Structure formats: C-alpha cells, structure tokens
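Next come the structures, one after another.
Each of the next two complexes has chain A plus one more chain, namely chain B in the first and chain C in the second.
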Partner chain A sequence: MAATPAAENQSRRQPKNGGPRISLEMKMLLPVLFLLALLSLFPFLYIIFMSFNTVSMIGGISFDFAGLDNWTRMFTDEVVGAAWLRGILYFLATVGLELVLGIGMALLVHELVWGKNLALSLLLLPMFMAPVIVGLLGRFLTDGTYGLYAWFLNTTGVFQQDILGTPSSALLAVILMDVWEWTPLIMLIVLAGLSSVDQATLEAAKVDGAGYWQRLRHVVVPAVSGIVVVALLIRSMDAIRYFDVIFITTNGGPGNATKIIPIRLYETAFRFFDLGYAAAIGLGMLAFSILVANAFVAILKRRGLAR
Partner chain B sequence: MNGSNAARGKQAVLYGILVLVLLWTLVPIFWMVLSSFKSSADLLSTTPKVIFTPSLEHYIALFATSNLWGYIQNSLLAAGISTVIAVVLGCLAGYGLSRSDFRGKHHVAFWIISTRMAPIAAVILPLFILFRYAGLLDTTAGLVIAYLTFNLPFAIWIMNAFFADLPPALEQAAMVDGATKFQAFWRVALPVTAPGIVTTAILCLVFSWNDYAFAVTFAGPDSQTLPIAAAQLNTQTGLNWGQLSAIGTIVVLPMMVVGLAVRRYLVAGLTLGAVKE
Partner chain C sequence: MWRQFEGTTLNFISENTAPTVAIAANLDKFMELTGIQVNILQLELGALVQKAALDIGSGEGSYQVLYADPYQILAPYHEAMADLNAFDGDENLPSIDRGIGDFIPTQLAAAGRFENEERLIGLPYDCPTMIWMYRKDLFEKYGDRMSQDLGFDPTPTDNSTWEQYYRIADWFNENVDEIPYGTGHQARQYDSLMCDFSNILWSYGGDYFDNETVGTLGTVDPGPCVLDSPEALEAAAFYKKLLGIAHPGSTAWDWNALDEAFRAEQVAMAPNWHEFAAGDEAPESAIRGKVGYARLPRGPVKSTSMWGGTGLSINGESPIREQKAAWLFLVWATSPETMLMGLKSEVGGGTPTRGSLYELPEVKKAMEPPSDLPNMLTYDAVSKAWDPENIGLRPKIPSWNECDTAIYTEVSRMLVGDKSPEQAMQTAKRYFDEAQSRVKTLASGPATSGRA
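For the complex of A and B:
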C-alpha cells in the first residue's frame, strides 16, 4: 500500500477545482436507491394509476379510465367500511394484548435468578415461525374432532362449539394466534429496556426504602417508556402489514366475522378481479401505514437515532 | 421477619408463573412436533395421546407423494438469493447513507423505511400486473424481486443504523495510515460490523422464508415454496394433520435455530436499530 499523506487530505476535503465530483458515499448510495425506486416508487405510481381505472383481467389485462369512480365507491361501500372497523378492532386487540402481556413477561424474565437465558430463548421461539404455519397449527389445535385445545375446552366445559366456525370465538381465536406469535417480540424489546435501567439509581431507591412497585413506577417506567413506544410502533407496523394468519384459518369468515381490511382487499382483487377498486382500497391502507411510520420516525428523531 | 425466606418465596412465585407462560408458549410447538411423529391411528385418537410409538410415516409420505425436495429448493433459492442481494446492497447503501450528509437526507430515510412498512396486500396488487406483463409470474426470479421489496429497504435501514454506531475515528485512523476511503470501508468498517451483517442476513432470510402472501399470489407449479405446500395439504379434501405437522416442523425448525443464533443482536435488528443492547 502506497501511503501518501496528500491523498488522505484530498479524500477528506471537497475538491475546489474542476466540476462537481461525486463522493464515494454517494457512489455507494445512489445506485441502490435507484434500484429501490424501481422496486417501490414504480409500483406505487402504478397502483395510483390503477385506482383511476376499471381493470379487467379477462382476455389479457385492459384498463378503462374510470375517473374517481373507485374512490367515491370506496367511501360509500359499507362492506369496506365494516372491514376497516373490524381491522382497527383486530389491530387494537392484538397490539394491546401483546403490549400488556409482553411487558408482563419482560418484568418476569428480568427478575429471574437462574435459567434466564434458557427461558428467554424458549419464549422467543414462536416469533420465528412462518405466520401461515401458526395459522395452520391454530386450525389443528382448534379442530373440533382432533384438536388439543378444542378437546381441552370441551372436556372442561368452557367452550363446546366449533371454535373457528362460530363468529365470536373465531375472531378471538385469530387474535390469540397473533398474540401468541408476537408477544415474545414485545417482551424482547422491553427486556432490552429493562436491562438498560441504571442500576445505581435502582439501588439508591432500594436503600431509601422504595418497594418493588414504587421502584417500578418512579425509576423503571420513566427509563423504559421510550422503548415501550418503539416496541408498540414496530409491532403496529407489522400488524398492519401481515394478514397470513386470518388468510389461512378463516379467510374472513364465518360470515364476515374476521374480514379485516387486507382480507377484503385481497378478495376484491383476486376473487372478484376488481383490481382498480382494490387499488383504491390498497392506497387507503398505505396512507394508514404511512401515518404510523411517521410516528415511528418522529420517535427515532427524538431519541436522536435518525438524523 | 426473615429476608432470605421472603426472597425465596418471591422466586418460587416467579418460577410458578414462568412455568405457566412457558406452557402457553411451548405447548403448540411441542404438540406439532409430537404429532409429526405419531402414527395416523394415534393421531386420530379422540383423546389426545402423549405416549406413543414414534413413527416416521408422515415424513416418508411427504417426500414420497409430493415434490418436497423441489419446494425446499424453491424456498431456499427465493429466500437465499433475495437475502444475498439485499445484504450486499444494504451494506453499500447503508454505509453511504450513514457517512454522508446532504439536504433532505431525512426524507430519503423516511422513504426507505416507509417502503419496508407498506402493507403486503397493497404491494402485491401492482406487482401482480407488472409481473404478468414481464412474464415473472411462476418464476423464482419474480419471488426474489417480490422479497427484495421488503428485504432491501430493511437491509439499507438496519445497516445504516449499525454503521452509524461505528465511530468514524476508526476509519479515519486507517486513512491516516494510507488506506483509501473504500479500503477503510472494506477492511475496517465491514469486519467490525460483522455481527450486524450476519443478523441482517438472518432476519432477511427469516422474513422471506416465512412469506406466504407473495408466494401464494405469484408462485405456480415451477416456483412453489414450502409454506404454499403446507397450505395446500390443508385445503385438500381430507385434512392430513400428520403431514401438516411434519411439513410445519420442517418449515419452522431451521428458522428457530438461525434466529436464536443471533439472539444477542435481535433487538437491534427487529427494532430497525431504534433499541440497542
């Protein structure tokens, strides 16, 4: 390697002569961003285009300009409106339960004296599973004839109907499947926050006679609240993204009991082949997820992590 | 009052709760793996059986009656190739982003992250039409592209976070010793970030290996992945819980192993760099 101190100086400073030079950082960044634009901006513009057309798939794809038809239809469509409400209910129930249980589990694991690492590893297992397998396994466990959980609920007399075939229990069951898979993620994130709580402050509070709940309230909660919000937003974004569990278990049924908005979107597109209308619904979902992403980035900024 | 007794009592309660939580978490997984080794007769018993003679019946049937090796190969190719592309490009762009400062940088960052968060159902729609025009339906290449729509922004963002953690002094020291800027990246920044790179790769692999929605829409007989094969077992007339448990076990076990292998770095990876341990 030829060491030239001059080269070091040059590479660090903006060149003052000649035309604009592209820095190495930009050479590394720009081609990849261009590719990402192809992957994301192009489909994004395309879905906007689709939303102003009636898209037909019969005998090749054809577009008929439809103006605002799809959009006005969406805002007056009661089935879509109900799917939005159900989606928001599903979203609040899953994320809410995951948050409460995840924080509880994190507090529990944090207090363990021995076997902490093993317990943590075992508790994390569900979140590595393909959601579609979680759904299929859920179907197996709740099967009226051969399912372990159905058998248990039946024998103890808690619930004796067809779990996924009854509207109220079906919605609860798919919520619990999601909660089962993703509570460990919240636990993991909150646990990282708990480990970062200043031990000296905790000890000082203990010496001053503060009990567990008092320490939790006055020392731990203020220290981890930021991380809990991060956990909440990360989980929220994925809860909006995925629909695999419902897709494979009830696919919206029985009736419309579990028909959340992504399921309605998918069937509008690929069962009724009403792709233009589905595009408008998709853009509505996209707007919702961008709102959540905005909140996430705002939090990151406040924590000084995104500049 | 005996302090150590109280502490011991508290620990006993804690471990009691832990057992309940572990049961809640592990029983379904345990039951799936157990069922995959049960003979059909034991499986279809109306009272659940825990003690039985293990049998490989369902695994053998899976490999004999379906193109399981083909599905495994399709899954590995689609997930593997998209992971490699995402991680290589993610390292380059993530480093570039972390070491540059330009106007509107936060807009670019926001665009990257919002790409990762776009609802899958909404992304599938335009891709389906575009893939149909481009002849990419039922190809592994199509799945690789589909998986890049979430793996690439994820890898850029998370590698940016890992590189941003690295003090620039390290690279500056190398450059004082005569290394070029690229050499400083290649020989200093990259090796130091190795755990982050491995974590990113594993998470990309898990996300794409576990995908169902994209594959069920885009893949056909030539590119069908494992999760699709699992779902199809379930929609055939006779629900074959034994084979389903076997294929479920095959899908989830490798991801649990690689996922736990990077447990220390999972928090940083899964929170997109917002939380670091």
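For the complex of A and C:
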C-alpha cells in the first residue's frame, strides 16, 4: 500500500534514531548561521553584560559590577528622558511628513505620461546621498554667513533669526533635512505598490462613474496600504537611530533643542566613555525599536499580509 | 644617535590644526634625519579623542605619538602616558634642545603634567589663545563719534572692560550700516561655547572649582563645583546680555564659523583664537590689514584669556622601542628649529611654544605690520595672556568631557531662554558634582576583573 503524502512527510521528519533530523539545507546553512550568531549575538550579550557594570577605560578596560544602577539611572535621568521625548516628536514629524509627501509624490509620478523615468531619477537623487553629506549640505545652505536658504529667508523677511541658532527653526531644519533625503524612499515603495493595483478594477470603477478621489479612496488606498505599512516600518527603524545630520549641523543644540536620544547615546559612549550607562541607553533604544517594529507587524498581520 | 631606530614606523594621531599641517608638510626632514617613517592621522578633535581613548583602552598602543589635549586626553588617560623624563635623561637618546626651561612655563604646566610635578608626560606643541580681534579700520573711522556718544575712547587697551565691549557692540548695531553686527561669538552648543563663556566667567571672578592647581597641574579631586557663586551668576547674566545683542548666528557658530563670519565682514569684533590671524591676514582675505589685536577686556576682577593649547605625548602602551622612536619625533617636532619652520610654513603653522623663538630678530620684526608671519601680529596680546595671572586654564580633571558638555549645554539653554542664569549655573554645578563623583568612584573603586 502506498503511503499518504502526510505519512510520507511525517516519516521524513522522523530520523532513524528518533532524534531531530537536520535537513541538508539546514546543514548547509549552519556555518553561516553560526557566523551570524557570533557576529550579532556575542556583541549583543556583551552589551547586556556591560549594562550591568561600570566600565572604565582608565588604565585599560575594566568592569565593576553595578547591578541595576545603570538601568535605574536611565529611568531617572532627566536629560535622557527629555531626549526621548524630543526623539519621539522628531520620529512622528519625520515619518509623518515623509508618509504624506511620499504618497503624494508617488501618485503624481504615477500619473505622468511622459518623462516619468527622468522625474523618478531626479526625485530619487537625495536618498543616494550619505546622511553626513546631507548634513554638510544642510549646514552650508542654512549658514547665516553664506547660506543660500538663510540669505533668502532673511532678505524676504520671512525669518530674520539664524536657522540653526534658534531652537524651533533648528529642530524644523533637521526634520526637513531628513524628510528631503528619505521621502523619495517612501515614494519609490508606494510607486511599486501603485503599479500592482489591478487595472481592471480601476477601469470598472471608472466605467461605474467613480471620480479620481473615489477611485483613490476605495480602490488604490486599500490596494497599497500593506506596502505603505512596510515602507513606514523601514523608515521608522531608521528614524529611531537618526544621528548623522544632527551631529553635523547642530550637535544637539541650541539649548538641547535637537538633542534626541542617539545624540545623547553618542555623548555618553564616546565623549564621556561611560560605556556601561551607554549600553543601557542603547538597549533601551533597541527595546523601543522592537516595540515599534512589532506594532507595524501586528498591523500587517491584521491585514493578512504577514504570518 | 638619531638613526638608531631607522626603519621604524610611527603613527601620530592629531587634531587637524595648523601646526600638524606644517609638520606633515615638512616630514621628509625628519625622515632624512632618523630614517623613521611617520604616518599622521589628522582628525576633528572629537574623533581624535575617541580614537585615542579606544587605542589606550585596548592596550594596543598603535598610536605611539598622541596629540594629547590636556583636558580630554591627558587628564583622563594620564596613567597611560609614558614618563618623558626617562627619555630626556637617557644618554643614548637626544635630549630636549635648549632644555625644558625653554618652553613657556604656564604652557608646560598645563600641557606637560598631571597631578605629579615630577612626572613629565607632554611637551607643549601648540598654543591657540583667545584674544580680542577687532576691525581696526572701522574703529578708526568711527572712533571719534563713538567716543562722543559713549563717553570713552573705544580703542581696545589692556584697561578696556567687558561692559565697554558690550556698549561698543551695541553702538555698531545702532549706528553702522556697513557691517551687520558689532560682535559675534562662538556660542554653538559645543566646546567653543565653553571657551567663550569661560573668559567672562573668570574675568568676573567666577570659576569652575575653588582649587588653585586645577588648571595648571590638574587633579582627580578638585572639590565641589562653585558655578553657583555670586560671581559666576553675575558672569552668566552678563554673557546672556552680551549674546542678546550679538550676531544671531552666534548660537550656531563654532570657532571656525565665527572666524569665517569675521572674515566675511559680518561682525566688527569678536573674542577669537589668535591663530586665526594667519587666515585673516592672508592675501585673499577681505579683511587683510584691517584687523587689530588686543587682550580680551577686563571684568570686575581681571582679564583672562582662554588658552587652548595641547602637548605631544607618548603612548605608554606602545612597545618600548617604538616609544623611544616616538621620543625622537617629539624632540624634533617641538624643537625651536621645527617650530620656526612651522611658523614660516606656507601651508599654515602655529605659534611657537618656545620662549627663545620670540627673541629672534626675524620674529620680532614680524610683530609689526606688514608681517610675513601674521600670527606674530598678535604677540603683544597673547604674550600677556600667557602670564600666570592672565592665562585662562579650564579644569584639568578626568571628568572634564562630561563637565564640558554640562556647561556648554546649560549656557546654551540659558542663551535660548530655556533657563535663567541662576538655573543654568545651578544645574551645571549639579552635573559637575555628579560627574566628579562618578569619576572618583571609577578611579578609586576596585575592578572586579582584569583587562579585557
């Protein structure tokens, strides 16, 4: 009697000696997995270890067990708390603006009949720049002495103060620099989603008399919403650890207006060399990233787009 | 004696400053003399501190020669620096040309030692100092009107006060169209802001610690911070008032940006680093020949000028043969001949830390305009600033990086209106004391495990 497919699968999973059977594919993957674990797990465990120690670099690296000191300090440190709040504000502003502008740009580019490739190439240019270059460019353009934007805002009377020297404008400036660089990424991902919208459904809606906004709301948006969540997930992970542009332009100032948590982490680790405390702050950032990622994955699951 | 380490390769890590640019341009002379290859890595100060700290912490000692900022490298890592007396006294090695006494004493104290007067761990290498740079042409043009309006002669002298500086700046703001603002400052939330503020803090009689040797010899335990003293509060209030009429770009400018603004004729005067004179007097500069140099104004107590010099140190973690080869480099790089070469260098060059060089006829001649060595135009101002009673030395303590961040952050918050002078100084004091307490624990607490 021939075995049923289910029974065949069962027999494949059962090794002769009764223990777990490792497939050939898994055997081939094992060396790489081991290397990956070594490269990522060891530093991760080391950072956890550091977060429970006072790490000194005076006279060579040494560890002094500190228990939960670094962790309790992190939850009571007003500078870190304020940096978190500013970071969340920054995170919501950048990701929100990039989402709105990215979708808008994607819809516009999608409608282009000619010159689409040229427009796309030009619009994508900012995201190919290294963030540190974006920071330098932003710094030069907003410089009160020779910056083009500063000159324009000043001569038109729109803004007479120094852009990076005033708290509100400095925060807005670094947000806009990030938006300028990364909106094209959202646009690109949404554009890919738009090209997969079922044309027959769109045509049918058109025939039924649906206008542009109705088609957008009832056909296009539901079709691309999953991919928009993926785009947001990618950008969110990046926005949480935003560092380069702020470091180059404002160094967290003026008056701490742009000091978000990665800047404080940098100061703690590489200016104060308080590595144990920096490890705790870094792990806090990791936990926040995991929470945000899980929130997005939960949304995708609800939509049946992730397992 | 000079060729005994031929074939050795040394790594010199330095801030990207004018003296190192000049050294790099003349490195073939050292190679010819010793047969030692020197690789120079030039970085921005923050990156330099990180790399040096990580190298020392790792115990590798791969950078044998360190540009040892007295506050950010020498103080926290003084134990890792080699004692240079051992090399200077070694009869098989060349000793310091003209002796250690040829270095300007205050600079030797600040850049060369930590806590222990006997242990020499650095040789003074550069000496940027803050002075009052002003547009001489504008002061001459408007001097009479200013005198009439202000009731005093505005020409900067050793007796000019910060209050007068404020009034002159305000007068320029109100009366002169050809330049946008009277004064500009390096008040970005950065190290530069601490430097700018400290001049006023000291001149008002305030200080960071009530400890006489914290600036010169340095200490692990300077005692409690005194930034909440009445003098410090008065200084902070004045600084806030002064920045209130300064070029609005000041809160975004570090030292480089301030000098660029000065050169771009954005401000009539500024407390500025004296070594920027070389760029300001360069042929392509719009303000060449128009700049005057004076000591910083006096406060109610004194006139103090921030000294931002650095020494060269040898990494004690490096193998002894490499340390000896590094000693040859130190002797050469800080020798009077090399410093004179640096001063004349077409690619930059700093100001000598050797007293004897200022006695040379060609250097003396360059102290008056027109000068081939523009940094020497500032000599009258800086030489007085280097006197023990005038030099501004920030605290040389292991926790300085954290304290520095605390003071420039709190002053920045004060400038943008987040905090009053009292709140800013009290918060800074609290952070200073907390940082001191943590570093003291680190320095005294037993490590449970050995070196990693």
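Please note the rule applied: the second predicted complex is superposed on the first by the 266 of 307 C-alpha atoms of A that agree within 3 Å, B and C clash if a C-alpha of one lies under 4 Å from a C-alpha of the other, contacts with A are read in each partner's own complex, and residues count from 1 in each chain.
Just so we're on the same page, a contact is a pair of C-beta atoms (placed from the backbone, for glycine too) under 8 Å apart; a residue touches a chain by one contact, two chains touch by 3 or more.
Note that the structure is predicted; figures quoted are calculated from it, not measured.
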> Once the shared chain is lined up, is A:I61 touching chain B (first), chain C (second), both, or neither of them?
Replying inline: both
>> Between chain B and chain C, whom does A:Y146 touch in the aligned arrangement: first, second, both, or neither?
In response: both
> Now for A:I22: first (chain B), second (chain C), both, or neither, which partner does it touch?
Replying inline: neither
> Thinking of the overlay built on chain A, is A:G255 touched by chain B (first), by chain C (second), by both, or by neither?
Replying inline: second
> Does chain B (first) or chain C (second) touch A:E267, or do both, or does neither?
Replying inline: second
> Is it chain B or chain C that touches the larger share of residues in chain A?
Replying inline: B
> For A:V158, is the partner it touches chain B (first), chain C (second), both, or none of the two (neither)?
Replying inline: neither
>> Per the contact definition in the header, classify A:A200: touching chain B only (first), chain C only (second), both, or neither.
In response: neither
> Taking the contacts chain A makes with chain B in one complex and with chain C in the other, which residues are shared?
Replying inline: 61, 143, 145-146, 270
> In the complex formed with chain A, which residues of chain C make contact?
Replying inline: 46, 49-50, 53-54, 56-59, 76-77, 79-80, 188-190, 247-253, 257, 260-261, 264, 266, 398, 401-402, 405, 409, 412-418, 435, 438, 441-443, 445-452
> In their shared complex, at which residues does chain B touch chain A?
Replying inline: 11, 14-15, 17-18, 21-22, 24-29, 31-32, 35, 43-44, 46-48, 89-90, 92-93, 95-97, 99-100, 105-106, 108-115, 117-130, 132-133, 145, 148-149, 152-153, 156, 161, 175-183, 185, 206, 209-213, 217, 227, 230-231, 234, 239, 241, 244-245, 248, 251-252, 255-256, 259-260, 263, 266-267, 270-277
>> For a test of understanding, state which residues of chain A touch chain C in their complex under the given definition.
In response: 54, 56-65, 143-146, 160-167, 170, 250-257, 259, 267, 270-274
> What part of chain A is in contact with chain B in the complex they form?
Replying inline: 1-4, 7-8, 11-12, 23-30, 32-33, 35-36, 39-40, 42-44, 46-47, 50, 55, 61, 105, 108-109, 111-113, 119-133, 136-141, 143, 145-146, 148, 151, 180, 184-185, 188-189, 192-193, 195-196, 227, 230-231, 234, 237, 240-244, 247-248, 262, 265-266, 269-270, 275, 278-279, 282-283, 285-286, 289-290, 292-294, 296-297, 299-301, 303, 305-307
